[in-house]
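Take a look at the structures listed below.
What follows is a pair of complexes built around subunit A, which joins subunit B in one and subunit C in the other.
After this line comes the complex of A and B, so read on.
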């Protein structure tokens, strides 16, 4: 399969970039190399990586979802309202948050697939609506005081080891998505829609259904990430997840996913998310100010997009 | 006609990954002649012309232009030198007007540096007049038919005052009137000492307007001859390297049940209460001029576009088809006219494209199995004789004929019972055409209902068992049974142009 070959290739480029990055930072700052710091990096990566996992599917179809950051904030508040303020069981609270996330995504998907809105515009509207809903619900308050059973997903460790539950959970989701994209019809159709939507429709595939599913998954990813985030911080804030959509999209792009659609991989995005966090972590260790960090991340995104465009040009000339 | 060569191309070699697209070929053109370039798809005709026009600058070899050696570096430069190319695919910007397209990037300016709309529209109007087109220069390109767009392309090439104009399949989408207009223009250009390089598969046209003929086969130069000295049969055998015997092989099968029946389908003004049926074991042809509504009819039946009213019966059962997905489930397949944009995912490999309409053939209980998929698709590709180094090749690297075969493989894989071919051989060489006819006959023998929409009358008459003729959204003729033997081309054209309606309407209402 050509697309799998390409995926391996783009995986390799971002993986090599990650290894080079790690070696360079290790030389500059030996503290980077410690086991503790490695776990620390993976813990920091979970929220962005899980959001990126969903956004990635949308980008494969040639769309975009910039509402995920707001959905993180909104669904976080939903858990706080239900679990903390109303004493509902964490199980139901989490389920409700996930349903809200899926509904936000499905709404985006329907607007885009059925009403033919531009993905950027439809999700821009959702970005504002979800944030507004979070702010209204929370009324400026931070909700904290979650039970330990709820917080387990964010801060728990696998019995007897020092491996955080959230990392295992993230890896599980990535393996599941990898399986879905590679071995199920769903994956093939998602790539095909990104490759040529009209040809896919005329091949008798229900394009609208799969597009709506892609946005629903994106919303689901955001709400799962939100649950992890709230459990980690032991608090839900209406401003949580601000700008996360940008980090998530950047992870996809750095990982080799093409914004045109039809091209990219699940593991590439995982590597892309880690690259983002490693750069942040390295710059922190090197005492670079957070203001300057933003600038550096911007340059990295630019380089990734340039690499993508050069790769496409090379492909065209062949 | 002067004997001076305007351009001489020698030992031109072009390599694509895994393919030697051109192998030391030569080509030359004289002022005031129509030099036809002939060959099967993938022979390298378009490739060498893309070199000359500056589209593909990655070549080896020598090019002498107007007595001097030249190195081709860009399309812009070539246009300034006087080499224009009119592509098979339209390169117009649809949201701009005709005049804006013609003068794109070189709009006339007023003294204060604004676009001189008046002059631009006037000049565009003159150019359109010179090609005898009635298109308004102010019309948006998106509102034009494919044929009209082609005329705009020609007007644009004329505006460059070119010494060489390359026309790649210029008539494939034109109506007969437009073709005649084009030939008149070509005659005029010859008198003005312009060299025309003419790429076409329509042998009748070549006989009519060609002066000299160069044949390529599989990226190699075969021969250059005077058109007056050879016959059409000789052209074909030079092109395919073997004698073509029976061009339209008919197999006789007793027609079966009506697998598809459409009654009184209506879609605005485009489709006005049309009825037809297609039986198993039979090839049903649809002939008409551009804009007759044949494509629209097939798209409506396949659920690609909605229709206002009408009934569709599949295997005798009334169905309301609302989507392509549903149509596919009911056993329909549509091979669209525009295979590049609607039939294929060009950036994906053959495997992905062939499996798309029916992934079940690539699945095991576990999921999509790449090995099983490859095995299954290999079998299909071999049965269709698709020429490709491997199934992992991107479809965009294949020639037009092979791309069409991939689309056929896709629908064979979906195992449809009612297969609609919309212009299946447009822009395809003789060898691949014959293979496509063979496949249609095989499908017919298997008892499937085959529907062929064609603008080539000889093809439509050659392959079909029954022919419906359409004109401006109406059924104007139906030829079947004994009539198929006595019908003449002139009669079918008279139905298609709306001159003669009586017979067709009567027959259709009874059906």
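After this line comes the complex of A and C, so read on.
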């Protein structure tokens, strides 16, 4: 019960922050409020939000995954090599990219759960390996020229409505994850591992299995995001996704997920990702330099972590 | 177990040391031999440090460099950090090259000031430094007592002016978005000014950096289109951002209405030119730059004095001459 209360509270803080942000930007720049701009924001948030969705699960367990940005680059190149250069059907190309993503994540999970490596170190190694694999495979070339059927994932619109397909994908994945985390035992175990791993193990739950699953989901999220990104830009680059892990982790933190593990929510992270994109979008509209955008996002992350820490203290004093 | 791991580490360390020594040893003898032989460039080693290897511009330069190095019998090591903005890595690469005792260094600086101490260090070690593609802050370099032999590359300002002049002639009442590069990179600033000065009567709708990244370029273009739908011209100072803008415009069904110009003439640019989604792109022939840079190294080692700027070719590619450009590639 207590956990649920906390989740709601953290959800509310970031949601309120988002609303305040939107009101302020709307006043400064009327173009912000347009329907088209709302769609733009959702479209721009998709890649980061989908990566954050997976990373979030890892953070719930008390771990971290900094390899996701590189996995985005690597799996993107996989699609390019298969679909563009070898003419394999997009369906199989996408499936292969997703499998590669899951394998990268599973590898991380095994290293962390079975070989007891620090999550930061294990995923740091994967970050370097996946980026290296992408650079080697692509040999510095940008792969472009995807078929329209593949590009539909990134630029397609739901018949006549102007709503990009990728937004629907993203919302679907979030709803799915929400149910998984809230109504399935998987969710309860993940939170429980983050709360107290030893106690969870002693109560007879196969902690290792769930941890590996969490990292596999994180890898899967990165590869789904990668497919969307490649389809949107009609090109795969070995440098795609650089620094995205930081954006994803920031989304989780801004959304109220605790890096200590054990609590946070799926929708909070969604709101966190939107906050980041709204800041960028708003400052773009206002023609503010991107150097300042970085500064603002840094301050927001700091505030989010401070809020988390204050919440923790308050919880202890009760 | 621990001991065994330790033993493996020690062995690996020894292997690395041996390999490094071995390399130096052969270098020494071959350059001794080279002094006697007629081909003066035999056995010369050059460190070629650029900003990235991850896009076509750099890979074309790399191929051109290795081809020319092989022709001249030069031992070449072409290296780059993962990220164009990773100045720190470049400094390390400079230091490694100096420690290794290469005969010359070719550098494309990721920042116009931060590499200056490394250049001075190379000067002190009597290693000639040649700049390629990116210039640095010359005043600051002189103040530190450093020098470079020459800068090899196109005149970024003049090259951008080619595109600017074309835009001034062909776009009526321009309302322009500038997609800037990375602040502090002189080449990027020159490209911006070169274009700007040609179209001084255009109204500037927005001027934003998209960090030379395609996805970022897409997002900024999309945001600017919704805030200022009247925008009808885009100058992107590199191809990645230009391509991002092209994709965003295509998605907004505004192809043809917004005229995009960019820099680099990558294969994506060529495709876009043919499709009509891109109006012009500036080609800077990185392979020719690599050849000129290596030749400059050899001349400098021979003791020749070089001109401050060794200019290489730049050309505006539009739908009119795209086929010719492709044929000569």
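Note that in this section the second predicted complex is superposed on the first by the 318 of 318 C-alpha atoms of A that agree within 3 Å, B and C clash if a C-alpha of one lies under 4 Å from a C-alpha of the other, contacts with A are read in each partner's own complex, and residues count from 1 in each chain.
Note that in this section a residue touches a chain if its C-beta (ideal position, glycine included) is under 8 Å from a C-beta of that chain, and two chains touch if they have at least 3 such contacts.
Only a predicted model underlies this, so the values are computations on that prediction, with no experimental measurement involved.
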item: Which superposed partner A:20 touches (first subunit B, second subunit C, both, neither); value: neither
item: Contacts of A:206 with subunit B and subunit C, given as first, second, both or neither; value: first
item: Touched partner set for A:306, first subunit B, second subunit C, both or neither; value: neither
item: First (subunit B), second (subunit C), both or neither touched by A:183; value: first
item: Touched partner set for A:232, first subunit B, second subunit C, both or neither; value: second
item: Partner chain(s) touched by A:263 [first = subunit B, second = subunit C, both, neither]; value: first
item: Partner with the higher number of touched subunit A residues, subunit C or subunit B; value: C
item: Overlap of the subunit B and subunit C footprints on subunit A, listed as residue numbers; value: none
item: Subunit A to subunit B touching residues, read off their complex; value: 1-5, 179, 182-185, 187-188, 191-192, 195-196, 198-206, 262-263, 315, 317-318
item: Subunit B - residues contacting subunit A, complex; value: 16-17, 58, 302, 304, 323-325, 327-329, 334, 336, 341-349, 351-352, 355-357, 359, 363, 366-368, 370, 373, 392-394, 397, 410, 414
item: Of subunit A, residues touching subunit C in the complex; value: 29, 31-32, 34, 36-37, 40, 43-44, 47, 131, 135, 138-142, 144-145, 155, 229, 232-235, 237-240, 242, 280-281, 284-285, 287, 289-291
item: Residue ranges of subunit C touching subunit A (in the complex, touch as defined); value: 52-56, 58-59, 62, 82-83, 183, 206-211, 214-215, 218-220, 222-224, 226-228, 243-244, 247, 251, 266-268, 271
